[in-house]
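Order of writing sets the chain letters: A, B, C, D, E and F. Residues in each chain are counted from 1.
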Amino acid sequence: MQLAIFWIFAFFMVFFGALVVLLRNPVSSAMSLVLSFLFLAGLFMTLDAFFIGIIQVLVYAGAVMVLFLFIIMLLDLKSEKQRKLKVGAWLGGGAVLAGFVYTILHVVGRMPGAEQAMPVLPGGVGSDVARIGWVLFERYNMPLQVVGVLLLVATVGVVILSRKELK
Amino acid sequence: MNPILLETILVCVGFLLLLAEAFAGGVRKSVFGYGAMVGVFGVFVLTFWIDAAAMNSEAAYSVYYSADDLAVFFKRFVLLATFCVLLMAVEFAPVLQKYLPSSAGGAGLGEFYCLPLFACAGMMWLVSATDFIMIFVSLELVTVSFYVMVAYMRKNALSLEAGVKYLILGALSTGVLVYGIAWIFGILGTTNLVGISQAVAVLPPEKSVGVLFGLGLVLISLGFKVAAVPFQFWVPDVYQGAPTPVTAYLSVASKAVGFVVLMRVMDAFFVAPYYGDRLLSTVAFLAGMTMLLGNLAAIPQTNFKRLLAYSSVAHAGYLLMALASVASGGAGYAIAFYLVVYLIMTMLAFAVTIVVSKSLGGDNISDFNGLSKRNPWLALAMAIGVLSLAGLPFTAGFFGKFFVFVSALDAGLYWLVGIGAFSVACGFYYYLKVLRAMYWLPLSIGESENTRCSISLPLGALLVVLVVLTLALGVFPSPVFALMP
Amino acid sequence: MAIVVKRAKLSLLEKLYFPALIGGLLITIRHFKNMFFGKTKVTMQYPEERWDEHLPPHYRGAPTLVTDEVGRERCVACQLCEFICPSRAITIHPEEIPAHEKWGKVEKRPKTFEIDMVRCIYCGMCQEVCPEQAIFLRKDYLVIGYSRKEMVHDKARLYELGGVMDGLVLKWNEKK
Amino acid sequence: MSPLLSLIIIPLLSAVTCFLVPSRARFTAMLGTSLNFLLCVGLVVGYRPAGDGEFSFLMQWPVLPGLGIHFLLGVDGFSLVMLLLSGVVSLCAVWASPDPGKSPGLYFGNILLISAGVMGAFTSLDVFFFYAFHELALIPTFLLIGIWGSGDRQAVAWKATIYLAFGSFVLLLGLIGLFLAMPGDTPTFDMRQWIAVGRLGEINPPAWVYFALLFGFGTLVSLFPFHTWAPAAYASAPSPASMLHAGVLKKFGLYGLLRLVVPIFPGAMIEWANLLLVLIACNILYVGYVTMAQKRLDWMIGYSSVMHMGYLFLGFAGGIYNTLSLTGAGMLIFGHGLSVAALFALAGQLRAKTGTLEFSELGGLGRVMPMAGLLFGFATMASIGLPGFANFAGEVMVFFGAFAGGGEEFLNAFQVVTVAAVWGVVISAVYGLRAYRWVFFGEMPERWAGLKDCAPGALMPVVLLIVFSMIVGFYPQLLISLLTPSLLVP
Amino acid sequence: MDCTQIYQIVMMPEVFLVWTSLAKILGLLGIVLGLVSYTVYAERRVSAFIQDRLGPNRVGPQGLIQPIADAFKLVLKENFMPAGVNKFFYYIAPKLSMIPAILVLAVLPFGSTLLGVPMVIAGIDIGVLWVFAVSSLGVYGIVLAGWASNSKYSFLGGIRSSSQMISYELSLGLSVIPVFMVVGTLNLPEIVLYQVKNGWLIAPFWPQGFDLAKLAENPGGAWEMVVASFAAGFSLQKLLLWVPLFLSFIVFLVSIFAETNRAPFDLPEAEQELVAGYHTEYSSMGFALFFLGEYAAMIAASGVIVTLFLGGWSLPLVPDGSAESFFGLSFVPGWLAGVLWGFVNIGVFFGKVIALLLFMIWVRWTVPRFRYDQLMKLGWYFFFELALFNILLTALVLIFVP
Amino acid sequence: MVTLGHYLVASGLLFTAGLAGVLLRRNILIIFMGLELMLNAANLTLVAFSRFHVGADGLPDYDAQLFVFFIITVAAAEVAVGLAIIVALFRAKQTVHVEDLDNLRF
């Protein structure tokens, strides 16, 4: 059961992830990405990371990708015309990717803990949101502040960069 | 004083300036630039009062925030760099203004003065970070600030292109970094550098493949940040396109903190020779390629900022060489000193570029033609700057190279030193091109010797200080060592 | 030239928006309440309730032809109405009245008289122009049919709708 | 404060003054170099050797004690000779320089910077500053050639500067290697300690250091395969630059070889002597023949100066065996410096007058410029190494020393090369005298008829140089007594 | 296999969970879909009444069968696909707009318990986040419809919708944080239980501590009991909390209007400007799905508001489904009382939802539409700050007032 | 049985897909999407590791989940800024193809 769920989610996640790259229409790419993220969120849930999974949907599928879609539509990007295929670039890129996949398989294959089954969590421990909250505010308060500054900078930046007329 | 207050104060200054900028209508925008400078300088002064003991060792942040000597030194470094950049930014304002879509005078400048403050705070956090989470977060703060600053001149296609390129490459390196950290965390079970070094020491060898994989990815990402070949290809475009003060900032401060992170990360893995050896050889290899390519590619450049970009790659190569020779013990000093002198001379070069490009409207090397006839002193300052970059004795740059090569030779990296010698000769070649333009070549047709570049008082003062520092440190470098960790 | 309209300066209360909002809500709920409890009476339940008895005297319904009190066609097929009709709804084919007919004094009468009710706009110009006062707009508003053909009122139907009209000027009376 | 410091500071200050007040630049430069010259003479006169291997007029400031870098000045006999040479040539260079035309401040300032550089290099006892002061001259040379040079000046300046920069960087690496090889815990750049350690044989630096130093110093001195920058640069450079560079600055390399390499690398020098000798032979014979083939006076002088470096290297190579050879080398440095400076000064004057130095276009100038011709004759003879000039004394000592250097074996490499070197004297006589004839004798093209002889002010420096050369030539002991104690064979 | 075996299988925890969930899903879907169609009907009727009209009253008594007639009409119409559309996305967009609205319902506790089964399909710990996450997906349907239709009106509608929804999601998310700060959980059933105990969040000093059963035992002391329970529920903190929570409620409510594209924020489908916005080019079932999706979203949103602020399924007098007696009526056995109370709770919940729906309809026919820049300004300059400030206020109250 | 390796390979493939987008596509927006894929692959790796390495209390390592939280936040900010830049670029040059970004050449 667990395995089946994993396979479904993982397959579709990777499948739609690949579609992002393969599809010519930017909107299709973006929608594939959304689907990929949704399945990824599903995988998070199979890993008992509900909070992360939901945040994934909320932030990525709900906000980031809408922004993408919005921009694609705003710029009125049509399907990519078949530009001259650069064989060299594709071969080079393909070689890099193949090498990367090989490396990952190699690394995972040689990792001692890779065969380990998922440990069972103790029951009745309550919400993982609360625990993440505790860790966040007790241990990682400072990075949280830094992220706050980061968001401020991003906001200022976006206003500066996208406002029609600066005032 | 608790060291963590430094960044807090800086961020608060930035925040207040932003608010003031938003609500104060008629104030001249340069006021905010000077305000930011005052803030930076104030924090710089405060660094001499901090007391690492004031940090609560029980507090959670003590795990991932360290106020050791290295951190404090580079905090000061970053603050000074920010100060110079802000000064240059105020000077650069008219050029910037030209490329901003604004009706009212000075619109959008206030933010330009505030963003360096946040970037600076990010870098200060970064040099203190001893945990991958903190490293990641503050690195991103810096990077995002730079995205904005690089693309700031948004009516200028060059700046935007630079912004996009920096964005793509920056985000790529972020992705790689995160994936690498994930692997390191996965095998070692911690993101804390101290914890990592403890875990690495007792790690059974059959588990090391994953760590090595992650470490490699982290190295690649940091290679992007410090512009090491083959991850340097974004550098020339971004440097050329970005507003000049931002280029200076990017090439000095961002690179410096990249090296600090690299040092800290490498430090954590040195406990295990398995990683130490591989790391060192990798870094040495990178250093060789970086020096070679940076210098060779700089030779045919005709744009000064682009030239400085490649030269900055080359300097990254020298720094990497020092990093690869940590076995010699003095490498840390060499890196720190090199970065300090690099700060001074690069700022000098960029400050002059700003003056020239503001008056003559371009930053090609040909715009420097005949500068010695126009502004002899400006030309002299530039000459001293580029000669220092080339590493001529009696300039600070020479000491920088000297220490680097001493440590490299000490560590026995002879082949690397050989490449280094070749690179230095190349370096002479292209730096002399600037000298040639300023001293040999006549003015461009239709220009008279009387059209001088005007230099504002603050920038002139900055130039004088930088020249004096370049020369003084070229003769008497010990004050810097006194400040060093 | 552009006309600059000055914005009214709003008081704080007005800027707050909520009082006005609540005021608006109250108004609408009052309407709702009145309607709900049947206080408002504006809508007629049409098929059940009809207009007929409420129609005003000047109501202009379907155009019709009328006969006089003695059953004569008043229309003399002068075709003025056909001519005046703005929507060209009227088609008249005149014919001579055979002398052997009972009212064979005048020369013409409509052989066919058709008003296309799909086109008719109930303007009443035909009535106005008619020298014989033969065409009248009556109070029929239910002009319905299942096909276009049915919507064309022929002479018989027109007379059926129009009925008898007496007490009017009869110019040609003595000749009849 | 040591008088040595003023030797460096005076030209530096003068240079700054030149930059600030360009209109009075020549005067300032003359004043500064004269002062320096007098100071040098005074130092030589007032010098009392403190003992073998000891230095006088010491002063020391810590610069980077952690790495053992100090600002350390001091002189012994050898350095004094070099200082004297620098003083004379600097003065003459300024004195003999034609009107620069544009930017006199920059022009004289650069000359003074070169002067300050050589002064500093020869007075520094700290290897770091010894090296650094030499580099000080690099950029002024670049500018002087590039702005005021003649012919294909830009390419030449470029080539020379890159060559020198690369050579000196390799040299720096060699010095660092040496530094790292120093025994003991306290790092030091003190030349005295290095020499002492070398003499005691306590140091065993890796072989690459020797080659780095040989390559580095060799490039600066234009040792055979690395010499190509030199003739072109000298030919193109304005005469004061050539004078200073060929006369003094170039000798820095030999100074370093004699000072540092001889005591520290006796083993390597013996082991690789044959290689060096081959290079020297090439330097003398091959370059000699190339010199003969030159068609222009400035190129000829440039090549001749490269060729004469062969003698100096011979002295250095033989120096591992006897002091005589070393002393001769020291003497020859002095003599050659004077003679080549005189030649370049005159060539500069000629170029200023005629605008060309092609042999084919010149001829018979002795008739219109008798004084210049006379002095040129003297200078040529000095350069060939005829008796009566300092060069002769030096060459003789070198030949004797080197010939004896190779030991008892008959016809060993040293002897062969020495014989070749003696043949080189003949070669230099051939080209020197031929050039003299082509320029000052024979038929004179019509267009030179209106030429005037050089002004006395322009010839005085040449006279001064020749007089110095003759003094030493007639009384070599003057210098030998200074040189020998500091150039004792280990 | 006899009955007991079947019973055992059915009562196995996993199987039990499956079929009860299925039952709940079907039940809830039925209710909600019915509610959707009748909301459409209500919209028409209410708007008519407000405008002094009668509205649909022909099909069935008072027009109550009208929704069914509408449904038939829509299904039977031609499904017309204009030229030049992106077929795939044009086809899929209406579905995308419907699904999220229904998915939100999964975490809403629409009743207490019925026969011991909690009346929520998935009482997960991250309930509210689920609501936000899923409802934020609703924008895709609209945006894609606008884009795929190859029509300017649709496109503008889609663009407006996406930016509007993103903007208001911020204040939406921020405005409920005070609720979590007060309650301390994201689990929606627990939030409701908190309100049952401590009073509704919209009015935190609501009486607590009495229920009708006790009241029935002692009818004479009713007044005292009411007063006492008021007193028990009252505290300074609660009184002060009322301010931020009320602000939260307002902000949330307004943001919900924007999120569901309801007037006065119905710019994506502004008839006067954009014909019908993103669904201009849709007909038949495609159009119907958009319509239903919009109303389903309204219902879901009302459900969330009810759950978060208005006490969920609880009325102060209504015990949860475990009570032993039903108004003290002796002929009702204990188990039946529980069932009845369970139904009452469900009824209360949907009653509140319907009230809110009516409120939304009422507002729609009262308030004129905002201009686009006003809308954005309101969201970013006012509600965003207000929500932030509100969080701060709540924190201050929670920390400094005992 | 689902093992750690399953998740790691899945995330690795996702990372590769993202990398492919960056390397092979010329549309900046798609490249950017590829970058997001890469970040999310890293997130999956982190969460998988955190779940499979339970601590002494039997719970997953929440540090990693927190890291993921930060990554998501930062990525969102990055996307916002990035898209702003891309829009500005499009306004200036009417293109989002990397091949058209050729003003900066020597």
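Some points to look at:
Keep in mind that, in the parts below, a residue touches a chain if its C-beta (ideal position, glycine included) is under 8 Å from a C-beta of that chain, and two chains touch if they have at least 3 such contacts.
Every value quoted in this text rests on a predicted model; they were computed, and no experiment measured them.
When chain centres are set by their Cα atoms, the one at the greatest distance from subunit D is C. The mean-CA centres of subunit A and subunit C are about 70 angstrom from one another, to the nearest whole unit. Averaged C-alpha coordinates put the centre of subunit B at 42 Å from the centre of subunit D.
Computed centre separation for the pair subunit C/subunit D is 125 angstrom, with centres defined by C-alpha atoms. Averaging C-alpha coordinates per chain places the centre of subunit E 35 Å away from that of subunit F.
Taken residue by residue, subunit B touches two or more other chains at 133, 137, 140, 144, 147-148, 151, 154, 183, whereas all remaining positions touch fewer. Looking at subunit C, no residue sits in touch with two or more other chains. Subunit D has no residue in contact with two or more other chains. Pairs of chains in mutual contact: A-B, A-E, A-F, B-D, B-F, C-E.
Chain contact summary for the complex, subunit A toward subunit E: residues 25, 27-28, 31, 34, 50-51, 54-55, 57-58, 61-63, 66-67, 69-70, 73-74, 126-130. Here subunit A touches subunit F in the complex through residues 2-3, 6, 10, 13-14, 17-18, 20-21, 26, 29-30, 33, 36-37, 40, 43-44, 46-49, 51-52, 55-56, 59-60, 63-64, 67-68, 71-72, 74-75, 77, 80, 83, 89-90, 92-94, 96-97, 100-101, 104-105, 108-109, 111, 113-119, 121-122, 125, 128, 131-132, 135-136, 139-140, 143, 147, 150-151, 153-155, 157-158, 161-162, going by the rule given at the top.
Across the interface of their complex, subunit B is touched by residues 103-104, 106-107, 110-113, 138-143, 146-147, 149-150, 152-154, 156-157, 160-161, 163-167 of subunit A. Across the complex, subunit B meets subunit F through its residues 132-133, 136-137, 140, 143-144, 147-148, 151, 154-158, 160-165, 167-168, 171-172, 174-176, 178-179, 181-183, 185-186, 189-191, 236-237, 240-241, 300-303, 306. Across the complex, subunit A is touched by residues 4, 11, 15, 18, 60-61, 63-65, 100-104, 107-108, 111, 114-115, 118-119, 121-122, 125, 133-134, 137-138, 140-141, 144-145, 147-148, 151-152, 154, 183, 187, 204, 206-207, 209-210, 213 of subunit B.
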